[in-house]
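Each of the two complexes below includes subunit A, the first together with subunit B, the second together with subunit C.
The block that comes next holds the complex of A and B.
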């Protein structure tokens, strides 16, 4: 299965999950575990980078919504990087583009999420 | 070339398990690519079929039917593609609906299918469900 996940920290100490390939019913549980792990480590902000994702289904959307909900419960936030029109369309047609903060690049996300920090 | 009287039929049987949903998506990508669909329309069909199979897999897990199969049946017509996703994953009643706290991905899946294809018909029975999706070529 074509799926890869990497976690690193941006220079602002912000964790970023980089996904690659297909995020679906088979691979989304790995993403869920990763998000839970980051939450449990006490992080209040998280970036999920979907730049290299070429397929994303409702299971992945569910995991991302769950992550966002939990982050917001602790007054944090989770933002997405999604420059691909095809993947962004999935958020748009489901109306989820209004719930998530979606950026085109890491630079863009970093600028905004840094300023939002309380 | 298929025509309205004699549509070409492509069938694929896969295990009703998460790791095989990608196989169904690949197959339907090949089928849809043979038709007069735009690039976006092919993607729509791939996502819709993926969602239908995913829902089957989720119900199979809930109903203890993970050993069952999904039959993917595509009918290639000149103007439309009809895809049936037929499972034997047991009934889909509210009482055995589970969920692990995530945001009802199944409802999102159903919503996506409705938005991505032109017609959807769901026939739910005790032993399993058939989802029929129709996509017309050249609709936008």
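The block that comes next holds the complex of A and C.
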């Protein structure tokens, strides 16, 4: 299995899920469980880092959409870090680049989220 | 006639990666350019994923799937076949509406956007055959004779 997932807390106390490898119909359920766990812990904001992802399928997109919807239901947000043009293209084709806030780096995401939450 | 491969794997999520990697290797060996290889890999993977997720829901038949890939003068053809529930196929060559708020249906959107031609034959309770073409036209680095 070419998939790895780590969860840590950013300096701003935001949870961040770092994904690595291939997120597809086989591995995306793990991401779903992780997002649900973070939601249930009461977090209202979440960062998902796709920097090290080299394959992302429609199942993974569905999981991310589900997470975003649930975050927004509690007036929260889920943002993505995705510098890879290859992965970004999947979001563009499906129109999801218009509903997700997508940043190129953790620094960029932190700057924007920090401004929104302070 | 060019080269061709046929892959038969169990209809399980853990085999989807195997299928897409084999299809990508075949496309590479057919001298398709890197971007086309990437698009073929995604489309094949999405078609197989659809089978794993939907084709055999509530179905008592033995879940099977078969992927065929063939090199033609016109380009690379990928066929993905199951004998599951079948579905009402959308009209050919219609670009699907993209509703970014939905969690399903994104696979078909990707397939139709990434491949040059997509055809469905689907019959209720008999299964589905999706045939996709990645055209070699406008791919200057591809060698159709190889």
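Everything below uses one rule, namely that the second predicted complex is superposed on the first by the 117 of 118 C-alpha atoms of A that agree within 3 Å, B and C clash if a C-alpha of one lies under 4 Å from a C-alpha of the other, contacts with A are read in each partner's own complex, and residues count from 1 in each chain.
Just so it is clear, a contact is a pair of C-beta atoms (placed from the backbone, for glycine too) under 8 Å apart; a residue touches a chain by one contact, two chains touch by 3 or more.
All values derive from a computational prediction rather than experimental measurement.
J.: Sharing subunit A, do subunit B and subunit C clash or fit in the superposition?
T.: clash
J.: Applying the document's definition of touch, where does A:90 land relative to subunit B and subunit C: first, second, both, or neither?
T.: Both partners, subunit B and subunit C.
J.: First (subunit B), second (subunit C), both or neither: which does A:52 touch?
T.: Once the two structures are laid over each other on A, A:52 reaches no partner at all.
J.: Going by the contact rule set out at the top, does A:4 touch subunit B (first), subunit C (second), both, or neither?
T.: After superposition on chain A, A:4 lies in contact with neither partner.
J.: Check the residue A:61 against both partner chains and state whether it touches subunit B (first), subunit C (second), both, or neither.
T.: Touch partners of A:61: subunit B and subunit C.
J.: Going by the contact rule set out at the top, does A:98 touch subunit B (first), subunit C (second), both, or neither?
T.: So A:98 only meets subunit C here.
J.: Using the superposition on A, tell me which residues of subunit A are in contact with subunit B and, in the other complex, with subunit C.
T.: 1-2, 22, 24-26, 55, 57-59, 61-62, 65-66, 69, 86, 90, 93-94
J.: Flag every residue of subunit A that touches subunit B in the complex, lowest number first.
T.: Contacts found on subunit A: 1-2, 22, 24-26, 32, 55, 57-59, 61-63, 65-66, 69, 86, 90, 93-94.
J.: Would you tell me which residues of subunit B are touching subunit A in their complex?
T.: Against subunit A, the touching part of subunit B is residues 18-19, 21-22, 25, 40, 43, 46-47, 50-51, 54, 57-58, 101-106, 108-109, 111-112, 115-116.
J.: Any idea which subunit A residues touch subunit C in the complex?
T.: Its residues touching subunit C are 1-2, 22, 24-26, 55, 57-59, 61-62, 65-66, 69, 86, 90, 93-96, 98-99.
J.: Once bound in the complex, which stretches of subunit C touch subunit A?
T.: Contacts found on subunit C: 13-14, 16-17, 38, 42, 45-46, 49, 52-53, 98-104, 106-107, 109-110, 113-114.
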